[in-house]
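Two complexes are shown next, each including chain A; its partner changes from chain B in the first to chain C in the second.
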Partner chain A sequence: MLNVLSASGQTSFGLNGMYGVSEESFTSLNSYEYNISNYSVIKDWGFSFTYGGEFASSVTSNLYQITAAKTFGSHFISFRYTPGYQKEFVFKSGEAIPYNNTEPINLESRFLFKELFGAGYSYRINSDLSIGFNVRYFKQDFTNENVSAIFSDTIYFVRETEEDNSELWKTDIGLVWKPLDRLVINLGSINLLTFNSEFTNEDNYDFEIRTDKALFAGINYSPSKYFNLHLNLETNNSFLSGLSYLFDLNKNKLGFAVSAFHDTEQDPFVAGIIPAIIFTSKYFDLSLTYVKYFSDRNSTGSYSNFKTDGISNIINNKYSYDKLLLTTNFKLNTLVEQRVKFLGVEIKQNIYPALNDKYIDNPVATAKVLNLTNEKIDVKPFMIINGISEDKLQSPIVSIPPYDTSEVNYYAVISENYTGVNPEITYANFYLMTVNDDFDDEYQKALLVNGINAWDGNVNNLRYFIQRDMDFSVKYSKSILAKNKSEIDTVANALSDFYKAKIIFNSFIENLTYTSDPRASSEYVQYPNQTLELKGGDCDDLSVCYSSLLESIGIETALVDYRTNPILRHVNIMFNTKLTPNQASLISGNDTKYFIRKNESGDDEVWIPIEITSLSDFESAWTIASDKFQTEAINNFGLVKGDVQIIDVY
Partner chain B sequence: MKNYLLAILVFTAISYSQTFQVEKVSGNVKILSSKSSTWKQLKPKMILNEIDVISTDKNSLVLIKSDQISFTLKESAAITVANIKKMSLDELVLALAMEDIMNVPRKKGNEKSDNTGVYGDKVSEETLTTIKSNDFGVKRLNGAKQLAENGMKESAIVAAQEVYRKYPDTKKDAATRIYFADLLFSSGLYDEAYDEYTEIKTLTLTIDQNNYIDDKTEQINKKLIRN
Partner chain C sequence: MKKLFLYIMLLGAFLYYGCDTPGPTELIADPNESDNLEVEIIGKDLDNEYYSNGFDTTGVTDVVQDYASIISVSGIKLTRDGRTDNISTALTFLFDRTKPFRTPQGNIIGYNTIVPGIIKFNDVTARITNYRVRYREAGVLIDTVLGKKYELFNINGRVFNDPFIFPYNSAISFLYNPFVGPSSGFDIITPKEITGNVKLVRLPNQNKIRAELTWQGENVNNFSIILGGVRNSNQQVFPFFRIKTNDDGRLVIPDSILKNIPRDRFNKISITFVRKYDKLAQIQNTELYVSSQSIHTIIVELP
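Right after this comes the complex of A and B.
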């Protein structure tokens, strides 16, 4: 059972001037005194040095401590070497002995207390809770001078020095809990476990460091981001309280801290004050701290009082002198600091390789990304789809405010060389990059990549099938036109497109037959070369093929999507004859067989629809298509009702 | 958006297929079916398809009937059978919206060039003789007028719009255009009527026509301000 007494003095006393434990309190790196749980704010390596001077009767300077610390994921360890944590007391015995007929010599007792080193470990359970412990090693070297009488021919006195020492190990545990964003609770034990070697001389036990057990509770509250109030309480009734404030200095911070403390072993009630100037930056921190005691420290203490009260703290006791201390921390980060991370990735659409351009404007996936820093960050998203893309493709940069979440879109470019026929499940790797050379985070998610002939059923996207195979279509159309050169040469220029379209139609249609999709489960569209090679296809295939052949020679086409029957939709095409309405009678005296559309310049042009699946001659295909268009698109208001849609290929 | 959105919302599917039969033919009346490229003589008892076009010469007429409509196409007129129907105002608004859809200019950026180099398209100035199809356009407008005279004002407007698109030269006839603009006005389609009057104003007009249009546009302005 923990036996909590209130006999010892204050122990939660560091040398850095900032006593709060928070994300901003870098000084906790070297202070097991009030950072009992070894709480860490560093990302990787940390090194700390404190050099200072003590204003005794003469100023003495010393290296107080060197600390090295390292974070391993959620684990944090530190090691502290403290050559300056020592205090020596010298008492004159008052006895004087003659010595070799010289002046009498006073005998002395020396009590040297040293804290040599310590080590700490903590584990961060989550962002709000950290637990840990520290172990500290002390040494107590006591020297007493005695006089021994030597009896021989005469009596003479010999001064003897009796040395006695004891080692002391102390272990304490603690935790840091952050119940609210601006509130941190810091709890720990004082002298929970102590082990010490025995003195040779039992009298020396009266002078050893007091190790009475106690509890420590620190409260750290930040009314604003850089304004910090702290109160450290000990169950021995000692306490320390103060504040610190940091000002933004570009990316660095400059500020001050001031604390006052009450120590049950020291007078007056407020035993002293500790002002400090603080500078903190990304790579190093500085603090210049002055410890000012209010009682007179140059008076001589009595041996009996020292024997009765002893000391509880080597660096802060009623015999301590004012100090000026300079502490420097270095923060070395050899790790890639993760600045953003994925919260999740949603696949927005499966891949249809034929619709390659579509994924440049419409994201394949959207990620939720969290900015882990207190700065606005520009995130570069990269994605690679296994089997589809060889290189990581960067999507547009997204800026994310500090500690905020944003949606990041991933776009893709599907290689035109992709030839996969069957659908397959593959994996897409998503990456986030910020300022580092390496990626901040990665995410992998399964993705369905359809075959090269797969179509999503959206007639708008048939144009990708038309556009993709254009080289083949150019050759094919030109070969037909070349065979009919003499006929074309006799045609008036204004009728050129009309007759070219007619010649190509009559040539390419003669060997085709209508066949349904080979796969009932998904839409399947053939490329023009496949349709001509297989000598057939359904309405999609035939429309794509004819449209591609016309587009390849500069004749504008549009797909006409008939949706009146939602189960069995139909597609045919219309093309631009480039004739004006006044010239329309050159191709037909029946004005129900053509339709007028404005071009980009606002001029009316004559378009005619063609039903390729009729697999008949051009005139019949035209008549069937115009009847259908006139009836469903015009007479039944299909264009307005959305039952019929005209989709320009380009 | 004028009244189009409302019209689409209230529109319910209507079948326009109705069978017309020729009751009486007087003079020279012809029919052009979609499956034929030549005009044929119209004869009594013939059943008409909705895409068929009928045309009368001078001093000719034809009476056709369906279950609901009896319609006489008088001399020097032409009409598509599908246009002979009673339409509500909402349907008229829809039909006008469709005209707008057809009229939406396609996106710019189509910079493809014709393959003039390979196949030797003539690059020299070539003036193609435009067949004077204006006469047939006038006939169609006459047909549209007769729809209005038979109480099918909305169908008349739709028919006239189509004629103006396919036979743009007919748009120069200010008197006829004023006639159809007045139909829009009387149907309460003031925005559309205003646009039409404004366009007519750019034609060569008589003083009376000019004054008439000014008066009409002022009336529309007052009505629009009041609304």
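Right after this comes the complex of A and C.
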């Protein structure tokens, strides 16, 4: 239980100009006095120096503090050396000893209080809450001159100097909480734990630095981006309050701060003010601070008051002098400064390696990305799919406005060399890159990569199976045509494609049988060489194979997707005879056996459907397919209603 | 590397030459600050002898040669061995300044005295007794009588002593009736009774002692405390120091003053609180130093 007393003076007094703990309060780096939890916005390394002058009877200058600080992820540590945090009192005791008509001996006592160093640690629990503590080391060196009576034949005095000292450790804890974007609350203890070695001379107990316990509460509110109001309260009725304002100066900021403070041990009620001029940039800050006390600070004080009240703060007490201080902070960032970050990644589709270039247009994943900076940023998205791509796959650059979020799409190209047969759960690593050499953020998510024969059931995508391994189809088709060269040579040129298709059909169909998918799945599609090697397949496989053979010799093909029955869908093909409607009678007098389609030039051409699964001769396959097409696509308005779709392979 | 070394050297020079010791604050003792000590060595030579002439219990013989004549009235308390005696004295020394008495070394230690008439304190006629001094010559103690003095003495109100009781915080009438000429006199104001308390404190964990003295402070200007030792040999008080301090009720005599008192020669210390009114008066063109004292002497054993 904290025993809160109200005896001690103000202890939460910092020497620098800005006294609130906020994002812009760079001086909190070195001020354990009011930044009890050691809160910091330093991203990596921070160094701070304060050099200043004190206006006593003469001006003295000193290095007040050197601070080094480092952030490790959510952890932040700092170490402070404070050679200038010292205060000395001299008491000339007036003890006069007449001795053999010599001048009286004036004895002197010196009370030197020093804060030598301190260390702080804080842990950022989340962006709104940080907790921490600091440990500070003090030394109290007291020197008392006294006379010692010597009794020999005569009595005389000798002057003796008695040195006595005490070490003091103080530990306090605190937290910084941001309930709102513009509101920061800072809580801490004062003198929570103190450990000290005792003075040898108990007379010195009276002069020890006071360590009464108290609580500290700081409130910082920013009505606008660069305007900050702050109020630091202590339960001993001391407080410090003020404001700061920063102006944009190119990419830097220039501003001022002023604080006024009330200390229960000092007069008048507002004991002094601390105006400051501040310059802050990306890599360093400067502040020029003046500590002005309103009461007359002459160089003398009452011994009895000092003995009764002591001091509770080395750098701010009723004996402190005005000070002018220059503080420099260096912010060295050896880490990549994160400019954007992932808010989440959604996998849009699993990978079918056969559909290799499908992912160039259709994103594999979409990420939600936040711009952490106050400027527009171009983000380069990269992705690596383990097992699929060794190299980083870059997607189009996306621009994100300041502090805004945007969706970033990740596209992929699947290598034609991918040979994985079985589906596999793998991981995709997503990266965001901006101006840095390294990634700003990284995200990993599981992804299903199907086998090379897997098909997503979309007939549109069967063309990927048709187009693959075209070299094989060319060889196969040409070898058939070569065997039937004499027959082809006798055919009229206009009927060349028709007869080539017929010859190839009748040739390759001889050795085939209809088989369902080996995994009893409609989403397994064989490549043409597999179909011919296995000597069979289902409608998809056979259609793909025949289409590939025709395409390999320049005959246009299209897939006909019958989707009237959603459970039992069917695919066959049609090909372009290149005959004009007027020439259609050369192949059939029945106009239901062919269909007229416009080519890219707008000219009508005769297409005929083929049902490969009939596994009969060309004429039968043609007839069966024509009947089915006439019935479902024409008579039942399948083409109009979308129950039947014609999908060009190219 | 050379640049780095230069920077380090410059930084080091800056830190060394650019840093002063901060200006100290000088603490000033308040006028009534009790811890202000003025210590005067009284008995510089431990072998000096001070004749206990009843002047007071301090062991101190005032430097009589500084005055033409002396009138001294004292209310004295002497505390030792758990008992306190109340003593009243009234003394008058009328010196013949033409007849100084010198030691073999030539130091004046007194004057011959004269008895030119009758002296009364509060209508009590003072007795005329020998005025003795003691000094050391060639290692031999010598007592000698320098003349007569006027004296009244009473201890604990005993009837066989002089019927004179020192009235504290009041006045004593002094009357001088010369054998030739008219009588003259005046009142001697007396200070408040002083009751001191001495506490010898051994400091914890330290081989140190200190004497904490307390009394009822009256802020009388002429206030002093005399620290002395009680000789083992003759139990007489030998004064070491006169400590001039404020009559504010508290004083600590530090260990540094007490620690070296030779125990083989002094097994007790005496602490005498002296509150004094003094003035100069004129009687028949003769200047008199008039001293009115309230004294409390406490004798304690050294731990």
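Criterion: the second predicted complex is superposed on the first by the 493 of 650 C-alpha atoms of A that agree within 3 Å, B and C clash if a C-alpha of one lies under 4 Å from a C-alpha of the other, contacts with A are read in each partner's own complex, and residues count from 1 in each chain.
Everything that follows uses one rule, which is that a residue touches a chain if its C-beta (ideal position, glycine included) is under 8 Å from a C-beta of that chain, and two chains touch if they have at least 3 such contacts.
The structure presented is a predicted model; accordingly, all values stated were derived computationally and were not measured.
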Quiz prompt | Which superposed partner A:72 touches (first chain B, second chain C, both, neither) | solution = neither
Practice problem: Considering only the touch criterion stated at the top, classify A:635 as touching first (chain B), second (chain C), both, or neither. | Solution: first
Practice problem: May I ask you to decide whether A:86 touches chain B, chain C, both, or neither, giving the answer as first, second, both or neither? | Solution: second
Quiz item: Does chain B (first) or chain C (second) touch A:597, or do both, or does neither?
Solution: first
Practice problem: Figure out whether A:553 sits in contact with chain B (first) or chain C (second), or with both, or with neither. | Solution: first
Exercise. Spell out the residues on chain C that touch chain A in their complex, using ranges where they run on.
Key: 15, 18-30, 33, 35-41, 43-47, 203-204, 206, 240-241, 254, 256-262
Self-check item: Residues of chain B defined as touching chain A within the complex
Solution: 4, 8, 11, 13, 15-16, 32, 34-35, 37, 39, 50-51, 53, 80, 82, 91, 94-95, 97-98, 101-110, 112-115, 118-122, 126, 128, 130-131, 133, 136, 140, 165-169
Quiz item: Okay, in this complex, where on chain A does chain B touch?
Solution: 478, 481-482, 485, 488-489, 492-497, 551, 553-554, 556, 580-586, 588-602, 604, 619, 623, 626-627, 630-631, 634-637, 639-641, 648, 650
Practice problem: Enumerate the contact residues on chain A facing chain C in the complex. | Solution: 51, 54, 56-58, 60-63, 83-84, 86-99, 104, 110, 146-157, 160, 200-202, 299-304, 306, 319, 321
